[in-house]
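In the two assemblies presented below, chain A is common to both, partnered first by chain B and then by chain C.
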Partner chain A sequence: MSPLLEVRGLRVNFLTDRGIARAVDGVSFSIESGRTLGVVGESGCGKSVTSRAILRLVDPPGWIESGEILFAGRERREDLVKLPANGRRMRAIRGGEIAMIFQEPMTALNPVFTIGDQTVEALRLHRSMPAAEARERAVAAFASVGIPAPEQRFREYPHQLSGGMRQRAMIAMAMICNPQLLIADEPTTALDVTIQAQVLDLMNEMRQQFDGSILFITHDLGVIAGMADDVIVMYRGKVVESAPVRDLFRQPRHPYTRGLLRSAPSLVKGNREKLEAIEGTVPQPTEHIRGCAFAPRCAHVMPRCRETVPALAGGEQHRAACFLHHDETEEMYDAV
Partner chain B sequence: MRKFFRDFSRDPVALVFGLILLGIYIVAITAQWIAPGDPFETNLRNGMQPPSWEHWFGTDQFGRDVLSRVILATQVTARLTTLAILFAVVLGVPIGMMVGYHGGLADAIVMRITDIMLIFPMIMLAIVIVVIAGPSERGVIIALGLSQLPEMIRISRGVTLSLKEELYVEAAVAAGARWPWILRRHVWPNISTPIIVQATLTLPVFVLNASALSYLGLGVQPPTPEWGQMLNEAKDFLINAPYLIIGPSVALFLFVLSANLVGDALQETLNPRTKSRRITRRFYRVSRKSALS
Partner chain C sequence: MPRLILSRLVFMVLAGFLLLSFLFALFHMIPGDPARLMAGDNAPEELVQSIRRAYGFDQPLHVQYLSYMQRVLMGDFGVSNYTRQPVLEVVLPRIGNTAALAGCAMLFAMTVSLILGSFSAMFWGGPVDKGVTAFSLVGICTPVFVTGIIGIYLFGVYLRWLPIGGMSSWQHFILPVLTLGAYQAAMFTRMVRSCMVDALGRDFITTARAKGAPERRVVFHHALRNALLPIITLFGLGVGHTLGGSVVTETIFNWPGLGRLMVDSILTRDLPVMQGAIFFFAMIFILVNLLVDILYTWADPRVSYD
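== the complex of A and B ==
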């Protein structure tokens, strides 16, 4: 069975004052139906741009340079890159088959409409149905995401709701058309930790209910550990490691992934050792780097890291883009 | 809304002139019924009578009752200016929203055209348009409307540009909305307030310019009465019958002054950044506008 979403060699560029920035530089991954893929990485590593590219929301000065985004929609499997960005099919996919939840529930809701209005709007964009029925469905959706007194909340404005409630409303809006794929761009970053856990539980629950997949973007490794089935780690527009979530946390391969894990606080060790930070900073996206982009910050850097870009390699499930884990055959493959 | 009325009525000047403006519009709407005489009925033997109980503002050279003519002119002016404002809003706001939302070449072209239109003084632009469209009521409406078009385009474009960056607009796009839907649902509600303010501030300018055009013989054509055109006729008899200018002048003065003050008060009430009451600025604005014509 082909995966629900398969991204192959996606490149997204932005034109800036300092030249062309390669925000997404040859990213490939796939999401199976019913699974959650976590995307981790620092700010500016291209994870948000990737998610927007899937919905074809990359606006000038940015553009999709090359690559394929194969989505197994309700009717057929198609390459989203080849569709017109604002055409009928793409608009039907947005919200209807692939929905998105944004980072800030404060600003992703229009302050001048009630949340009920906005939920009905999401429904009316994709399904033609009588107003009364749409309203009923929206109230039911509110109830299903655990909004207490949904009838009353329906008539309230975004500013009358707490952050957690707003994010619940956003989830209800995203789920109301039963999408197959939900893209969540740091959905809990702006929330309190306790609310975070509730919202994450809710998302897991919803995924089981609607039997779809989630593309979960975050920089929080703890959240990834709890949510994702598979993880890709991104650094400077490239996937540096891709693994099932257990393998990634037990045996991280890429030095960048290890660095990320070490720089997260842990209680397991029982002591309060100093957190390790990864040396250096992320190079400017417009800078051209020869070889591995992480080489300037890497503790295990080898001469050839500065010459050639390591490919993502190493087995069926757990792969890393690092020469430390390349065996001879792969090396030869790279040289070609 | 209640807060709006409270703020508005707290300003006694705005309240009084708001009521006067309201009264002017009531007169305009009911002109046919409240005019004491027939504004078109000539009576040459009763020409150029001074004000009396029978003819409050006197009679003109053809013996027509000036008060009745002033009242009918109120209707003509109110209709002219309202239609001209509607013209500018109906044409300008969609253009502004579209170029603001889509940007690119169309935006650049439209903005350069508005820049060019803004170079010319409004009255000069209006005269050119009236000459092309022909001196008539319709010509004045088109001329005034077009002269205000750049302003309407700029305001709606500016608001659209800033709203485009809002996350809820992006969220709407991500939910599958098309641009006309986004403009109607998410942009228009935010544009209506500045447009209403601008329209009210434009009203007195339109009134003055409509009268100026008619005074020059380019606007409303006789025998339909219009203040500017009545003044034009009255100026020939300034020595013998100076009272003929009283009616149209007072009406013009009241309309312009009250529309100005109400516009300023509206702006201050609706725009939280200019809450302070600056009487001096108001008078400055009134005098500057009057100087224009």
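== the complex of A and C ==
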């Protein structure tokens, strides 16, 4: 069976004052039906841009340079990159078959409309139904995401809700058309820790009931451990490691992944070792780096790392883009 | 909301009181003898004296002030020095004429600017945007009297399509409304555009697009409704400018409105009429601002005055 979503060699560029920034630089991954793929990486590594590219929501000065986004929609499998970005088909996919929830529920909700109206809008853009029925469905959706007094909340504006409630409303809005793929872009980052846990519990619950797939973007490895089935680690627009979640935590291969794991605090008793930070900073996206982009910060750097780019390889399930594990190089890409 | 309205009405009374006091002081400071002015340059001294006594101009200033305020409270703004009509009878019908002209001009300017500004923001940086920006720059740089005179020459004199003065039919409205409205439309368009560009850059716009909303819904429903907040303020201020602009427009097109009345009364030094006209101009402006504040609560659910 072909995967629900398959991204191949996706490149997204942005035109900046300092030249062209390769925000997403040849990313490939796939999500099987019913599974959750976690995407981890520091801010600016291209994870959000990737998710927006899937929905064709990359706005100028950015554009999709090349690649394929193959989505097995309800009717047929199609390449989303080939569809007109604002055409009828793409709009039917957005919200209808692929839905998205965002990091900041305060700014992602329109402040001048009630959350009820905004949820009903999401439904009626894709299903023609009488207003009263849509309203009922929205209230039911609010109840299913654990919003207390949903009838009353329906009439409230985003500013009248707490952060956690807003994110719940956001989730209800995204799930109301029963999409096949849910993209969650750092859905808990802006929330308080206790609320984070609640929202994660809710998302986990939805994951059990929901037969679709989830693309879960976060910079928090702890969240990934609890949410994802498979993980890809991104660094500077590239996938540097891809593995089932257990393998990634047990045997991280890429030095960047290992660094990320070491820099996360552990709550295991007696574990009082000092947290390690990865040396150096992420290079500017406009900066052209020969060889592996992580080489300048890598403790295991070899001369060849500065010459050629390692391919993402090394196995069927667990792959890393690092010469410590294999010798395959990536084809040079110099279209820009 | 009732509290807001009540407090604004109290403010209006206070502002009106201060304004009248200021006008009273001003008219007593400017050189010239009001009694002599009313009687005419060649009138005998006895007549001037009797006018002075009749109008109380010989009384001490504070007595004059108190009696003036008392009369105003009773709704008596005095009589015109020239037509001898009570000021209220002169001013009130003029208010309606100015309101019709300024109202139509505002309506025109708001409609044009909302449409052009939104499209401009929608196609930000493209040829549509550049065209609209050029149009609005030209509009802002052209004073009302220039647009008015060009309009009169082109449509009134050369093409003979439209009447050039008075207000006896709907055709008479076209040139003055366009003259007064074009400048405001140009001004508003620039502001609407920048408010819309700002609104379109917000996160909830991405949410709306991610829901699958078509672009026109994103722009005219989600963005415009948010951009309305600063736009309402702007339109409120625009009413002030339009009323100010109406003074020139009414003079050019011989429009029997409050603006022209004010200019005429200044030219003839008809102090009571001048006072009345300025007073009502100010009151209209305060009322419009009250309306703007009420509109806020409708436009932004986060705004509440109670």
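Definition applied: the second predicted complex is superposed on the first by the 324 of 336 C-alpha atoms of A that agree within 3 Å, B and C clash if a C-alpha of one lies under 4 Å from a C-alpha of the other, contacts with A are read in each partner's own complex, and residues count from 1 in each chain.
Convention: contacts are C-beta pairs under 8 Å (C-beta built on N, C-alpha and C of every residue); 3 or more make two chains touch, one makes a residue touch a chain.
Bear in mind that the values here come from a model prediction, so they are computed numbers and not experimental data.
Peer 1: Would chain B and chain C fit next to each other on chain A once aligned, or clash?
Peer 2: clash
Peer 1: Return first, second, both or neither, reflecting whether A:Met206 touches chain B, chain C, both chains, or no partner chain.
Peer 2: neither
Peer 1: After superposition on the shared chain, which partner residues are touched by A:Tyr157: those of chain B (first), chain C (second), both, or neither?
Peer 2: A:Tyr157 sits against chain C, while chain B stays out of touch.
Peer 1: Could you say whether A:Arg91 touches chain B, chain C, both of them, or neither, answering first, second, both or neither?
Peer 2: both
Peer 1: Figure out whether A:Leu80 sits in contact with chain B (first) or chain C (second), or with both, or with neither.
Peer 2: A:Leu80 contacts neither chain B nor chain C.
Peer 1: By the touch definition at the top of the document, which applies to A:Met100: first (chain B), second (chain C), both, or neither?
Peer 2: Both partners, chain B and chain C.
Peer 1: Please write out, lowest number first, the residues of chain A touched by both chain B and chain C across the two complexes.
Peer 2: Touching chain B and chain C on chain A: residues 55, 57, 86, 91-96, 99-100, 102, 104, 107-110, 112-113, 121-122, 125-126, 173.
Peer 1: Report the residues of chain A in contact with chain C in the complex, numbered from low to high.
Peer 2: My answer: residues 52, 55, 57, 60, 86, 91-96, 99-100, 102, 104, 107-114, 121-122, 125-126, 157, 159, 170, 173.
Peer 1: Which residues, counting only chain B, touch chain A once they are in their complex?
Peer 2: 166-168, 170-179, 181, 185-186, 189-190
Peer 1: Which bits of chain C are touching chain A when the two form their complex?
Peer 2: It is residues 125, 202-204, 206-215, 222, 225-226, 299-302 of chain C that touch chain A.
Peer 1: Over in the complex, which chain A residues touch chain B? Could you list them?
Peer 2: The touching residues are 55, 57, 86, 91-96, 99-100, 102, 104, 107-110, 112-113, 121-122, 125-126, 173-174.
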